[in-house]
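Both complexes shown next keep chain A, but they swap its partner, so chain B is in the first and chain C is in the second.
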Partner chain A sequence: MNVPYTTARRSDTGVNNVTLGMWLFIASEVMLFGALFSSYALLRASATDWPSGPQTLSLLYGLINSVVLAALTSVVWRARSRSPQAARPLLLLANSLGSIFLIVKSLEYQHDITANLLPHVNTFLAMYFTLTGLHAAHVIAGVAANFWVVKGRVDDAMFAGRVRALALYWIFVDIVWLIIFIFMYLL
Partner chain B sequence: MKHLLLRIALVVVMLPLTEAALHACPICFQTADAHLTSGVRAGVAVLIAVTVGVVGVCTVFFGRVIKRQ
Partner chain C sequence: MRIFSTDHKVIGLQYALTSLVFLAIGFIFILLIRWHLAWPTDPIPLIGALLGEARSADGVLLPDFYLQLGAMHGTTMVFLAVVPLAVGAFGNYLIPLMVGAPDMAFPRLNALSYWLYLLAGLVMMAGFFLPGGAASSGWTSYPPLANIATMGQTAWLLGMFVLVLSSMLNSINMIVTILQLRAPGLTLMRMPFFVWAMFVTSFLLLIAFPPLQAAAILQLMDRLAGTSFFMPSGLMVSGKALEATGGGSPILWQHLFWFLGHPEVYVLILPAFGIVAEVIANITRKPLWGFRAMVGAALFMGTMSFLVWAHHMFLTGMGPTMSGFFQVTTMIISIPSVIIISALVLSLSGGSIRFTVPGLFALGFLPMFAIGGLTGLPLGLAATDIPLHDTYYVIGHFHYIVAPGTLFALFAGIYYWYPKVTGRRMNDLLGKLHFWGSFIAMNGVFLPMFLQGLSGMNRRLYDGGRTYTAFRGFDGSFQIQAWSAAILGLVQLIFIVNFFMSLRRGATVGNNPWNATTLEWQTTSPPPAHNFAQTPTVHRDAYGYGINPGSKDPGLHRDFSPQGEP
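Here is the complex of A and B:
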């Protein structure tokens, strides 16, 4: 069966199908992270003793990752308005930044594990590992998607649609990280 | 046999109504400690905020689709 692939903007929705699909996906992801943030709020507000984020976690690792992820999102956002020839190197640069994010996250986990900051120690650390682990999985998925788009040999309109969808995805991943950073590392 | 099953089903349905105090959620009835109550409230508030946000955006989107047609 051949499913027709359209890149034209639909008159009823105002966007093309790729963008609409990405918005629907992001809506489901918002609900997923929303449930976890709700659990965080429940655990934090009901705890009689809650560890201090800045004193427990390494603020430096968190800051580095915030800057790296913001740079990554900025690079992908720039790629969306470029031709495929110009966008491909930008997406590869974004992947390098994504890899740096994951390496820094791994180093941070290693540091935490060495300091016996493990999920079973308290609910704060359980939430920290759950939220940051799920977020890191999204970064891995984003890096894989970037590779898929770079490798794909498609026409310009289809390529542009894919990069636009990627830009939306990375903005979402960046916003989730900022929320995690504020509530875990700063408050 | 059919009547017996019906009676059991009726009792199961009526039980929460007749023994409301016995089956009451301690958090809703404010008998749990204040921290737990405020925690549940905070969790529910966040979940409601996220759900209302997503549903609101969906409503605006479908409103625009209807308007364009």
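Here is the complex of A and C:
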């Protein structure tokens, strides 16, 4: 059986199933992170004292990861207009960047833990660990999805559709990271 | 039939059977509670002895277990029974058939969503076997109480996390299927109202559920990592200061919870509207009155449902400005419900109504939902909500919407589409007994709640509040409710017998036993793999009832024109 419009565009909606599904997924994810950022705003606004992000966290780790994730996203973005033969190595490159991100993140966590910066110390750190942890889970899921697409033996149209969906996903993950970076490390 | 199937029909049936089992479990929870409220010192017959020492003393419920039953009754009914039955079962089975598609847009994700739902349900139920028992802080899990509750609450939160994933996959699938897989000719306004209802419902689930997931993550952090998202400073528990950094906000949980919680109400009611609309058009043999207004109302209702959540929170001291805003939005959101229910009632006028079993349930839905809806108005205004808050009045109000309301609609749907799913019809006499028994018993359970609530009876009191002088004198009404609940249970046995007996003994039917118009009736009963021998083409709107002079069909005496026939 073939489900119609998995790869072909439907003329009256202007999209195919995979693209629409990914946009809906992102809408749902926006609400997930949106709720967490709203909680952050509410807790910070009502806090009697709030530690300064730049003085508590290490800006270096955050900056490195911002650059790594931006590079990762642009690599996946480039892969979307390529043939499967050219796109597969790009996705693997993206995955090595994803691994670097996760390694840097765990080094940072290690650094935090040795400095006794733990979630139960204050609400700022609680929010920091929750947001970055959930974001890191999204990076892990994205790396797994990249692998799944690289390994998948499907026709070219299907492959291209999957890479386009991946690109949307990574842009979303990148934007979430930038918001976390600004509100946690800078403000 | 494979267990790990990706066929939407198999998944729909898996959802149906699982959610019906959870419905029965949730009902047993409340039977125990009803007995306890009516006869607090008498041991519960039969099951009382099986509960064990941690839960009961000689068959009488212990306070902790009573609270677990209350919390898990609500959780099971809302999250594991009614929504999965309405959206998972009816949606999955019918939507592809109604839009003329071979399957859902993402069949494998669809299967995953079912298995995640089952996992979520099992995790939540597993709470009963943990030390300290299941979640016991109410179905709303308000902190700080929920933060310091026993391990069952952690199971509840993990289950909820998984359930939101399941619901997200299902709603993405539903929306993409409805928008992308419509058969040629099936324009948006030709879609049956049920499809529209599921479309709006899926958006609500997609957008409203993630904030609860976020809240569950934060509460898990509070419970497991020692954070204080929901823990205020200076909290005393059992006379001792709690060791937490504090600075959190218990109200934050309420905002996040009700941001889901209120759209969830419309998730419960919209599929019911959809089913009732299909059945009413069929039994009156007329197009729905005001179909376009109904669709508009459903869309408006869905949008507005995101702007009313804080009417659950008038007692939190959020101030008159906030209360004012949410009172206005709450009054506004009653309008689309009234439009839909009025359109359904007006659809009846002038029809020669066929009192089939699904028809009876659909007709029973209308006054029951009206009672539930109208009793909600005083709860939407702060001045009247404050004395009624947390009383049985509230319980009466929302049970009229979901029990004789949504559940009646779901029963109507089961009787209506059973022939399509199995190729056999359910027994009519047993069906009618089921309807009238349920109708009387449901009112026997829920009608006294309004009077109890108006007299100030609190909703969560162990042994019915007999410890307090103010709450004595309810024995009579509690006993009426207990008897009604027992009768309600017995009547459901008729349904269960009918359901299984008809699988073998029911009269066999053709493709279209109800002479209905929508696409699912144009394939065989049960439908083959991939639903249609060839993709149908749609030629008219969903309710081609009445003799249609424009039809090329020579048999003008026929009073319906199927969507798929030229």
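Observations
Heads up, the rule we're going with is that the second predicted complex is superposed on the first by the 182 of 187 C-alpha atoms of A that agree within 3 Å, B and C clash if a C-alpha of one lies under 4 Å from a C-alpha of the other, contacts with A are read in each partner's own complex, and residues count from 1 in each chain.
The rule we apply is simple: contacts are C-beta pairs under 8 Å (C-beta built on N, C-alpha and C of every residue); 3 or more make two chains touch, one makes a residue touch a chain.
All values derive from a computational prediction rather than experimental measurement.
With both complexes brought onto chain A, simultaneous placement of chain B and chain C is prevented by a clash.
Comparing chain B with chain C, more residues of chain A are touched by C. By the touch criterion stated above, A:A141 is placed in contact with neither chain B nor chain C.
After overlaying the two complexes on the shared chain, residue contacts for A:T48 are found with chain B and with chain C alike. Legend: residue contacts after superposition of the two complexes on their common chain; A:S11 is shown touching chain B, with no touch to chain C.
Once the two complexes are laid over each other on the shared chain, residue contacts for A:I182 go to neither chain B nor chain C.
Shared-chain residue A:A126: touches chain C; no touch with chain B. In the superposed model, A:A27 makes contact with both chain B and chain C.
Judged by the touch definition given at the top, the superposed model places A:S39 against both chain B and chain C. The superposed model puts chain B in the path of chain C at one of 131-139, 203-211, 383-391 or 527-535, which is 383-391. Looking at chain A, you'll find residues 13, 27, 31, 34-35, 39, 42-43, 46-48 touch chain B in one structure and chain C in the other.
Against chain B, the residues of chain A that register as touching in their complex are 11-14, 23, 27, 30-31, 34-35, 37-48. On the chain B side of its complex with chain A, the touching residues are 35-47, 50-51, 53-54, 57-58, 61, 64-65, 68-69. The residues of chain A lying in touch with chain C in their complex are 1-6, 10, 13, 15-17, 20-21, 24-25, 27-29, 31-36, 39, 42-43, 46-48, 119-123, 126-127, 129-130, 134. Here chain C touches chain A in the complex through residues 101-107, 168, 171-173, 175-176, 179-181, 206-211, 213-215, 217-218, 221, 225-229, 244-245, 247-249, 252, 255-256, 259, 529-530, going by the rule given at the top.
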